[in-house]
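Can you read through this structure? Questions will come right after.
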């Protein structure tokens, strides 16, 4: 029963992701695109939840949906009038884009499908979500599979991006 | 918790200290101290360079996430030297009214990107590597767009940023595949786990990883941003981009290929073979027609990247030595060229090749420096470029890539052609009526940097100890 | 540091001196002192060499000195000379000496001119004293690149085109060469760049020789103006300033022959034996083809350039005959051609400097106007067409006799074909002499021209004396060269 | 029956290349950036799925995704700054206006 | 006889001295210095000759061959080396005498003839150079030395023909002379190469010690149907034929008359042009080893003799007549050699006759040329139409000229009679065919010589308006007188005592049957000439009209020059050189340029790749990555 529910939920999430992804890149209204993106991000968070990575799902919601999409919406509102439609794409451009994406899908799909993954049953290893304490230790530890250094490093990156962003965006 | 592990990261720490000091001066310093910022940056960075000049022992920290080897440490020193030269060359430029407001940011962003490159060079884990890659490229976009009122500059910034994030997305996809195949992101473990793997997925992975790195190195066909960005960015940033960024990426790519994909090099050697041929040839073909010197040097640097790759494809300690040596020489030669260009641009605002007609009559010293740089880039003895080319070819030949080297060598003819065009403009052509570049005296920073570059061009080849030293270090392992 | 290194050091010091000179007088002083020192040094080398040989030293190379340079690749700065290189050094220093005087009044930028000129000389001398493949190759390229600016800045006519063509084609050759050298280095199994060592102990596998020999030979052959890679020569020579043409045709083209001899054949005798026929055909074509082309040219320098193609073709042709006599002849031909073609170019430069044209149709009767130059021109012409008593004759005869030593009909027929060049040479030389020097004065303005100045006289007389010296007393130079050639032919006979 | 891993992978692949399509075809720079988010997100899903299905012992994919989200945020911020800067100068964010330098 | 080296060194020194310092000297000093130098040389040569021929013969009754000096000059291989030395044997000593004598006469003569010419000093320098080269040629100890001096005489001839270098005709004549002989020398050189390869020596004495070595070494080897030995010897003969102006390589000689007349006398009559004969004589034993080549020599000689004689009959330029007569006479010598054989003295009669004729011909032909020089000097023209009746004005010239004409026509007791008679005898010995042929040519000789003689000295008196011809100065007519005296007495020299095919003494005795015939034929020729040219009349013109075709053809030397012109200009120049030069510029060089153009074109063509649009860049990016992946998977 649980299995079936899982499958149904996955099916829904997958459908949302696929449909909204495509809508995101095809809609002519930029604000709608942002909205569809939001749906995709929600659905992705859903997948993370489904896979018992609830912390990750939460981060996804907070940072992506809460942060990035809001940023997008603000800048969209800043740079265009709501309801503006961008003009139709030329056929040539569409074909070119389609070639690349379909070719890419085929290549990646082929490689993934032919690869003999040795999947382990989901339930056999861990059940339930990841322990937050464990996550904290891993994030702050210095041993193998612990991530203090990247944590420090990304802080520098974020600082630099802040500096850069401010520098570019400020008036003078 | 063993915080002494941070001590292994001597170079990164001291770089961050420099960064913080500048940040502090910038943020809290008065108007007066800001004036001295450029000099302070040079001095501080010089100290940092000297502090790190002795290569570190091989060591591993953070459970193998950070790995340092003598040769990697040497690469950092090489990058330091290059950055120092760039800093010297930008002393007068940051004081121009447009840039003055942002000079603090200029130094900060520059140092952060360098920090990112450090991480790339000495990471042992793909997460750290990826963060390093992003740290090296995202602030770079801001740097490129630093002349934000200048159309070309922000256009270049946007082009760089979009291509960079696209390539990092692709790189990320490749990494996810790699993770799926090997189950880990530690370099050493991956190498063990994929030892006998020959599946299409792994091949696609290699292709995507190469594409991601190929962007930084501007290998054909991942190079198209290069020319526009080089042209649009401020010259100082262009020079930084063309030597430091490229040099670090080259070494990082080598690191990945040697460490991660070392056990089965046939696949990536095949891909590299094609990439090298394309890169050198197309770079050269585009360079022929360029009239803007910055754009011209962009294409020249594309083909130079192809030559650098010859050291990687060799897949040996010799290739590694040759690569690092090549990068060093390339730094001196290219920075000499950019130094001249920026000096002239600073004084006359001209960057066209035709503007250089008859330069020798008005500015003989600068033209001689430019000529030396061109000859060195073209690989003419007795300048250092000849030696670096020879060694890199030797390493590729040693690994049996005769045809590849032959193609590369035939391409040197084309490259010689366009390098000579610059020489021709300066020495042979007559100056343009009325709009010749007037005679001027460049600022001290440029002078020092150019003298350093010329010394490097003239001495690096003759003084064999440099190459010998590099060899000793690279034999100690990556 | 043994004294051979002075050959590189002196030009370098001269460059330093030139760099510091302030006016024309100082420039000339430096140039004259330097070139005289070089001349003296090469004579000293010759004397020492002969003394050493007389004392019974039979090593292949004398005065060797080897210093580790690049240890990881076992590259040495290794010098040493044998008979052939001694002869070449002598040739180079003579021509540099003459060249300095021929460019006495160079304009504009005299300082820069001599700086580049001396860089060129450095390369040339360095090449001839090197016994290490890397250093050899390095000096080879050092000698090539100054040509670009020398022609481009001080040349005439379509100088930028010619300079570019010359540089690029020669660089193309050196690209092949680099493959060849690296291949030799890695395939010989010795981890050594030393020419003598590789020749004596190396074993380059046969299939590799098939690849590397053509690379090396063509690489050097381009500089030796081998058909069909000779087309840089006419344009390049025509556009170059006098002294540069002299040095280029006189010495630089010899680098090609010397390289073929010292690297391609010395190190890969088996392949040389088996593949010689291909290049024999090409060089045979060069010989006749160059001569025929020269017959219809109207520009003095073009005539001489094609004549150089023919004569240098003969050099390579003889080298490929792979026996002692022919190779001795080849080296003698290098010497002889070097001297007389330098003489030719010097004279053409002097005539051009006066008449401002090189078109033989626009000149005539110069004998009445500038007798000294004209007589020298006739002498040069006679040397070129192989008059006994001048150097061309002994060289060509040695080559023909040597080439004819082969028993197979193919080489004999080729030899006979090559022999016909002496007739064609006579045709175009006499055609020029007849049109240019004899007959009536074509242009009345020419009557006001003056004959040679003292520096020009010095330059030409030096060369003429050398041409005549070799032509009259060939045995010592021939013995000197033969002694240098023999180790190679010994290897060849082992290879058979 | 469990959900097969490959299903997730297919979804993420479609998402990725939808992003590629958008990136190549959209005219608005912000729309391109949105497409880019799709691509990054797709790669993140891969990491998570591989981690969960294949290598659940360690949390490498998990943490990679965590950091990748952070990086994505940073680059979005920077990109938007640059786009805003462009908007200030040319009053629109059409990508085709960025063609001053070519050939 | 080491002192014989003076013979070579002295002219060489004279040449160097006059060449380098001549222009500093006055004309007179230079001329006299040169003459004195040559006088000394002549004296030494006579001493050598005297000493040599008074030397006792060896056991076989032969004069020893001496090599007083032989230095190695250039070593090729163990066996092959060029030596420079002096070889004295009967023919070389005889040649020494001939050359020095004629040369001395010319030196003296030129003092007057060239007086006041621009470049007088240069002229004497060249004369010395020529004397040196020619003497070096005849005393060569090996074939390569001969070749060396062979080339040197070629060059001195070139320089002297082109002495009047401002005259285009002289320049082109000198060029022609040089190139034609060069072409012949090519054959000579190849011949030497073949010869030396098989016999492994250049040395004459070694070669002579085993004359058949070449044949034995090359036994069985053929090339294009002929044996290699025959090829070698024929090619060497080609060199001789070129120098000696044998048909068809004769074309340069008539043009060579553009040079100063004394030069023609020296080089193109007496000495250099007989070098070919001398060469064949020198290698005679080797030629006897390949009789087919001797046959060839006979044919070439005979055809040349007839051809030249016919042409000589209609030429109007007196020097040209003499030139063709020279060709014809040298051909006589060649025929004599061709019909000889070295088995015994009798069979070798032709050899002796040839040398004898060489000797006598040198004297009287030099005399004729010098005489012609006096005439030209007097009337300032070469054309017969400008002359006539000159006997009144120039008595000495007239007499000496007549003597020479009688000699060449073969009228006893002048020298030509004796030598020519021996040749005819030898020809008859070989076969009647050759005898009759050569006798006919001898008749023609008498005819055209007397045509010349009458046309100059009799005929009618043209109007010498501007100047009256006068006898030449003493420096000019003294040599004439001397040579005339020699011509009168030389026939009585017992030449066979000194020179013969195997070196033994040979007593010349006239074969009266042959002699009578030849005298009668000669007299007939003279009579015909007298009938036609003794005084002005229309008979020559009538005859010319009657045989118009023949006359025109002969006048144009049977169009040999035109043929050569056509071959050289139309074929070699237009059809070979120009296309090659075109090919070089447009195909070979064009390919190189095309490489550059194509590169540039490609560069231009692909510029759109760099379109400036990010999305295009990205598209290329992703397609590149995917394609690389796919390709890598495929391979």
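In this document, chain identifiers A, B, C, D and E correspond to the written order of the chains, with residue numbering beginning at 1 in each.
We adopt the following convention: a residue touches a chain if its C-beta (ideal position, glycine included) is under 8 Å from a C-beta of that chain, and two chains touch if they have at least 3 such contacts.
From a predicted model like this one, the values you see are computed outputs, not experimental measurements.
*Asks:* To reach chain E from chain B by way of touching chains, what is the minimum number of steps?
*Replies:* Contact-graph shortest path, chain B to chain E, evaluates to 1.
*Asks:* Tell me which chains count as touching both chain C and chain E.
*Replies:* In this structure, the chains that contact chain E and also chain C are B.
*Asks:* Can you give me the shortest step count from chain B to chain C, moving only between touching chains?
*Replies:* Tracing touching chains, the least step count from chain B to chain C comes to 1.
*Asks:* Where the centre means the average of the CA atoms, what chain is farthest from chain A?
*Replies:* E
*Asks:* Of all the chains, which has the CA centre nearest the overall CA centre?
*Replies:* Smallest centre-to-centre distance to the global C-alpha mean: chain C.
*Asks:* With contacts counted as C-beta pairs, which pair of chains has the highest total?
*Replies:* By number of C-beta pairs in contact, the leading chain pair is A-D.
*Asks:* Would you kindly tell me how far, in whole Å, the mean C-alpha position of chain E lies from that of chain D?
*Replies:* That pair's centroid distance is 96 Å.
*Asks:* Cα centroid separation between chain A and chain B, in whole Å?
*Replies:* Whole-Å distance between the two chain centres: 32.
*Asks:* Mind checking the centre-to-centre distance between chain A and chain D? Centres are C-alpha means, answer in whole Å.
*Replies:* Taking the mean C-alpha position of each chain, the two centres sit 7 Å apart.
*Asks:* Distance-wise, how many Å sit between the C-alpha centres of chain B and chain D, to the nearest whole number?
*Replies:* A distance of 27 Å separates the two centres.
*Asks:* Could you list the positions in chain C whose residues touch two or more of the other chains?
*Replies:* 168
*Asks:* Spell out, as numbers or ranges, the residues of chain A touching 2 or more other chains.
*Replies:* Counting only residues that touch two or more other chains, chain A contributes 93, 96-97, 100, 104, 107-108, 111-112, 117, 145, 147, 150, 154, 157, 161, 164-165, 168.
*Asks:* Among all residues of chain B, which ones touch two or more of the remaining chains?
*Replies:* Expected reply: 127, 131, 134, 138-139, 141-142, 145, 148, 157-159, 162, 166, 170, 173, 177, 180, 200, 203-204, 227-228, 289.
*Asks:* Provide the full list of chain pairs in touch.
*Replies:* Chain-chain contacts present: A-B, A-D, A-E, B-C, B-D, B-E, C-E, D-E.
*Asks:* What residues of chain D sit close enough to touch chain E in their complex?
*Replies:* Contact set of chain D toward chain E: 20, 23-25, 32, 95-96, 98-103.
*Asks:* Spell out the part of chain B that touches chain A in their complex, as residue ranges.
*Replies:* 1-2, 5, 16, 61-66, 101-102, 105, 108-109, 112-113, 115-116, 119, 125, 127-128, 131-132, 134-135, 138-139, 141-143, 145-146, 148, 157, 173, 177, 180-181, 186, 199-201, 203-204
*Asks:* In the complex formed with chain D, which residues of chain B make contact?
*Replies:* Where chain B meets chain D, its residues are 126-127, 130-131, 134, 138-139, 141-142, 145, 148-149, 151-152, 154-159, 161-162, 165-166, 168-170, 172-173, 175-177, 179-180, 183-185, 227-228, 231-232, 289, 295.
*Asks:* Which residues of chain A touch chain B in the complex?
*Replies:* 107-108, 110-112, 114-117, 141-150, 153-154, 156-157, 159-161, 163-165, 167-168, 172
*Asks:* Help me check something: in the complex, which residues belonging to chain C touch chain E?
*Replies:* Interface residues on chain C, with respect to chain E: 165, 168-169, 227-228, 230-232, 234-235, 289, 292-293, 295-297, 306, 324-325, 365, 367-368, 382, 385-389, 393-394, 397-398, 400-402, 404-405, 415-416, 419-420, 422-423, 426-427, 430-431, 434, 437-440, 474-475, 478-479, 482.
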